[in-house]
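Paired with chain B in one complex and with chain C in the other, chain A is shared by the two complexes that follow.
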Partner chain A sequence: MEWFDAALLSSTIRMVAPILLAALGGAICARVGIFNVGLEGLILIGAFSAIVGNYFTGSVFLAVCFAAGVSMIFSLLFGYLSIHLQANAIVVGLGINFLALGLTTFGLRAIFDVKGAFYDKDMTGLPKIDIPLVKDIPFLGEVLSGHSALVYLSFILAILLFFFLYRTVMGFRVLAVGMNKVAANSIGLKTNSLQYLAVLMCGILCGMAGAQLSLGQVTMFTEGMTAGRGFIALVATMLGQSHPIGIIGSSFLFGLMDALSVRLQGFSMPTQFTAMLPYVITIIAMFFLKDRGAASQMSEQQSSR
Partner chain B sequence: MSIRLEMRKMTKQYGDFLANEDISFTLNAGEVHAIVGENGAGKTTLMRMLYGMEPPTSGQIYLDGEPVSFDGPNDAISHGIGMVHQHFMLFSDFTAAENVVIGHEPKKAGFFRRKDAIDTVNKLAGQYQIQVRPNVKVADASVGEQQRIEILKVLYQGANIIILDEPTAVLTPIEVKGLLKNIKNLAEQGKSVILITHKLREVMEVADRVTVLRNGKVTGSVNKEETTADELAKLMVGRELQTISDRIQLNGNSLLEVNELTIKEKQEKPLLDRISLSVRRGEIVGIAGVSGNGQSELLQAISGLRKVNGGKVLIDGKDVTNQSVADIRLAGLSHIPEDRYLWGAAKQATVEETGLMGYQNKPDYNNKSILLKKQFRSLLSSWIKKFEIKTTSINEQAGNLSGGNLQKLIVSRELGQETPLLLAAEPTRGVDIGAMEYIHEALLQKRNNGDGILLISSELTEILTLSDRILVIYEGKIVGELTREEATEEKISILMAGGSKQ
Partner chain C sequence: MKAQQRIQRLLSPLLQPFIAIFIGLLTGAIAISIVGAPILETYKELWMGAFGNFYFMTSTFARATPILIIGLGVSLAFRAGVFNLGAEGQMVLGAVSAALAALYVPGPGIVKILSALIAGITVAGLWSLLAGWMETKFKVQLLISTLLLNYVAVLFASFLVSEPFQDRSGSAALAQTPMLEQAAWLPKLFAGMSLHWGFIIGVILAIVMYFIFKLTSVGYEVKMLGLNPYFASYGGVNKTKVLLASMFISGGLAGLAGTVEVLGTQYRFVDGALTGPGFAWTGMMATLLANSHPLGTAVTAIFLAALETGAMGLERNTDVPLEIASVIKSVLILLISAKISFNWWKRMKKGRDKNGMV
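Let's look at the complex of A and B:
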């Protein structure tokens, strides 16, 4: 078995989608000055809701909508606590994460009466879409074609977010809130509404990320199946400097590591070791972020006089 | 000339405290009306009421003869009142044009028309002769340009009445000249300007009328032609200004020696280029220069806040180069830092804690790691009395003190260290005339007691009043040295701009 081929890149693209979607959600929160560490929990809730939706409606489309809706409700809770009640966003985010873990485990027992994981052979996953023409190109076709709609949507959303932030008036104001909330208030921008908008968008994105995890890749739900992807998305957000195009790049890096760790298991490497890859890269990425963080903190202090 | 704005019998009461009492004020079209007063005289409260940030306890505002009341700044803005805050309300990563139009962006189908924004800004800038580069990022603009962006923003929002809150506090002398010209231009084109300041020289240059506040009351409202700066100062302070103490000639031995000090970052031009200077006992050495020419780095190098790449710093003969701040302070240095919020105080800490900083290890106030707060409080209250620091209690947060009062607290703290050497950076930035007198007097006292002071200030008058010797810094180098006798404002200005001594 080769260690690198079209299949690796194809699985990379599939792995990128949930990270990219959640990282975009993290980015838009970061842009309004909220550091959302609750991505992990929101994805997990999305993944579980997608399965629930799928099981009861039988429709994949409704399942994704349900996932997005439920995650949005939880992000509304996050927003109410951190924006309205001014609670510390990191504490609230961590709370959301633990809440999600507990609720989904409980939900598994209450709704499906199973422990650990739920799988139903009658349940259909997200359909694979073959792109006409492209699918016939050798290599490229194998890499690009045959993914779920959410995978393609994640890239489209990244580009749409770019246009939203840098071309529209609303996006301009979103950027303004994160840059200097006091100044934004002084010119009469509705800063709280803009922050809520961002948090809700983040919830929808995380819900879709969860749906891709539970319906796009395996069509099942297991306890804690996000396995830290929300935190990896958070790093992708920072590494991509909260810029949609930058985030595509950083998400690719982590998606590739995800795919590689699976591939390397075929080379009789211990799974525990290969599973570490994405997280090792995350830690290495933090080294590169270190200087920037210190510099921006410094300017923060000065500008907040 | 028609009356554009009238405020009648404005009163604002906080608990038992009357911040404003029966203040009446009128503003004509095309007029520059200055409001002067010391810190805490009630200027800010009055403007907050006008700008809709605080409801008045009693009193009425009339705009063009109609009674109005504002429910928040937006309401005031829509009535044509604009305010340029002392601390700018700008977005540092946005361009000048973006900052001007934000809130009322030119758009088409929800998309932001940045080109139209740039055109609008160019047009406005041309109309009022206010120079702004529309595409410059605010973070890259000078403080003066940032202020001009703020003024354009207010004009773009359609203001006919422009409130400028302490606009010259942050500007270099050249920028001040430009601003005063801009203000005159605005008035000529029919805008009304309210100028809040305590710099009387600028008032005399640009204002048509002056209203003086003291302790929340109007102590005088006069036409500029009929008054003098001295009279205004008397109205402000409520007494004659003191003349500054005599200087005793002292020829002390050398206290601070700086030799060939260099700070360099990577390949760039050195921030400090082989700077040598000395301060003797009983001497104030002033360093003049346009801010950003290495003053901050010099201060940080001497006080140990920043590592140096070359050269030596000796205090009282002891080599303290690249030592820790604590060690350098022990060697005999105290330091009034240039930015009171960044280096001088913790905004969240209380007044007491802020005063205690630097005293926590002194045996008088520390018994085996237990703080002796009672002893310290008596020292603190003596400072509060001597410098008339206005605070509700010693448990007030330092960040809630007005800038001038916090500065007085820091100055008294550093003077209280009674070290032989004092670094005084912008010691009177943003403080009122009364406090400035106290601080200048205290610095001279310290000098006359045989201590040495290195004074860094962007206020030339301050340098000229206090210094025995004046060094001029330009692009990280000392480019000139003048004795007290030969120094004039003109000579220093030329050196500050990079010119030669002749």
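Let's look at the complex of A and C:
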């Protein structure tokens, strides 16, 4: 078995999508000065509601919309607590994670009456899209073509977000809030509304990330299926310094690690070490990033109570 | 008017947890009615499952033991303003080292127990110190590094018990160490009950910590650093030293929690047996609910454990799923985090002052 081929890159791109979508959401939040630890929970809720939407409507499109909507509601809760009531965003984020885990497992029992995982063979996943000309190119075709619409959308959204943040007036205002909320407020920006806007966008993105997770590759939901991807996305946000293009790069790195650790399991290496790889690399990467991009959170992080 | 103010001041710290618990239970009631079970009956079952008889009550206390000890460690870190989210990894590493020490250190039972305790506390403390060292030396954010180190520790422990130290005596190759010999077990408090001496250790620790915070200068320094780091360093508190010390102690306590769980309940390290029930995260919740107060943490730890054991009883006797407990718990944590009742109360009062009505 080769350890590097087109299939590896193809699965990398597939694994990048949920991380990238969520990391973009984390980036918008970071840009308005909110450190969103709740990504994990928001993705989980998205993944679960995507399955619920798919099961009851039978339409994949509606399922994705439903996932984005439900995640948005929960991100609104996050926003209300952390912006309006000024609770510590980290604690609220952790609370959202617990709530997501509890609600989704509870929902599994209450809605589908199963424990652990839900799978229905009648459900259709996200359709794979072949790009007309590209799919005929030997190596590239196999890598780039044949992914779900959400995978392509994630890359498009990253570029759109870049233009939104750096080429529009609204984007500049969002950036201003993150740099100095008091100053932004003093020139008459509606800082709270802009923060809410960012948090809601984050919710939609996480919902889509969850939909890709539960409908993209296998059409099923398992308890706690995010398995730390939200936190990986959070770190991808920091590694990419909350810049959309940087995040594409960092998400790609983590997606590659994810795909590699699955691939290396085929060799005789103990699976624990391959599974550890993304986390170790992230820790090492943290040494080189220390106080850029993340600097604004340093002061906030120290105040726990 | 004066008396009213005094009563308000007396009750306001109590008001917040009580309103939070009330709303939490209300949310639980909604969830129960969604699955179509009778609400009061269900809550009665929940209570019975947690405190229904002496056996259930001791089981609840046994479950509260690791939650309490971890909660105490985290509360120390939080008091110092150190965001240690790595309790899970520290607990697991402590537990696996304790199990290995109890297995391979020669000597009578008491030597094995002591060496297991020492190994569990130091290994977990040093692991936690690693994150503290990275923060102070290289400015690697503690919040993120502790989170990431969790995964590394849990996976490493899982490797240890599935490869080099696996129990190969049984027919099924489970990821666990061999059983400890009976001399190395922590004694039970009551024969036939699951409650063991770890609970007493936890309660004593809570009381000791309460007095350290209340009476000693070390406790004051830690508190000052948490409340206002700039003022603390102006006042001559060595921030680095306090950070490293609190990381070591909070990690060590997490390791102790894992150790007593191994020595007192499971008698071996089983992969996933400590992470599955989410002891570490529940311990953190207990601390947050109690606002990092050691004695309060003891109460909230028992409360959260009671929710869990009660929910188990609920699942045994009714159709309501076990996860109802985690829904109630997370609603609680969200409410507490926002200090929702308190702010709501303040705003209402302010509004009344302004408008003269409402």
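Just so we're on the same page, the second predicted complex is superposed on the first by the 290 of 305 C-alpha atoms of A that agree within 3 Å, B and C clash if a C-alpha of one lies under 4 Å from a C-alpha of the other, contacts with A are read in each partner's own complex, and residues count from 1 in each chain.
One rule holds in what follows: a contact is a pair of C-beta atoms (placed from the backbone, for glycine too) under 8 Å apart; a residue touches a chain by one contact, two chains touch by 3 or more.
Not measured: the values here are computed from a predicted model.
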Partner chain in contact with A:182 - chain B first, chain C second, else both or neither: first
Per-residue touch tally on chain A - higher for chain B or for chain C: C
First, second, both or neither for A:275, with chain B first and chain C second: second
Partner chain in contact with A:133 - chain B first, chain C second, else both or neither: neither
First (chain B), second (chain C), both or neither touched by A:168: first
First (chain B), second (chain C), both or neither touched by A:101: second
Chain C-contacting residues of chain A that also contact chain B: 301-303, 305
Sites on chain A touched by chain C in the complex: 77, 81, 85-88, 90-92, 94-96, 98-99, 101-103, 105-106, 109-110, 115, 228, 231, 234-235, 238, 270, 272-273, 275-276, 279-280, 282-283, 286-287, 290-291, 294, 297-298, 301-305
Complex contacts: residues of chain C adjacent to chain A: 31, 34-35, 78-79, 81-83, 85, 134, 138-145, 147-149, 151-152, 155-156, 158-159, 162-163, 226-227, 229, 281, 284-285, 288, 291-292, 321, 323-327, 329-331, 333-334, 337-340, 343
Residues of chain B touching chain A in the complex: 72-74, 77, 85, 87-94, 98, 102-103, 105, 107, 110-112, 153, 339, 341-342
Chain A - residues contacting chain B, complex: 167-173, 175-176, 179-180, 182-184, 186-189, 299, 301-303, 305
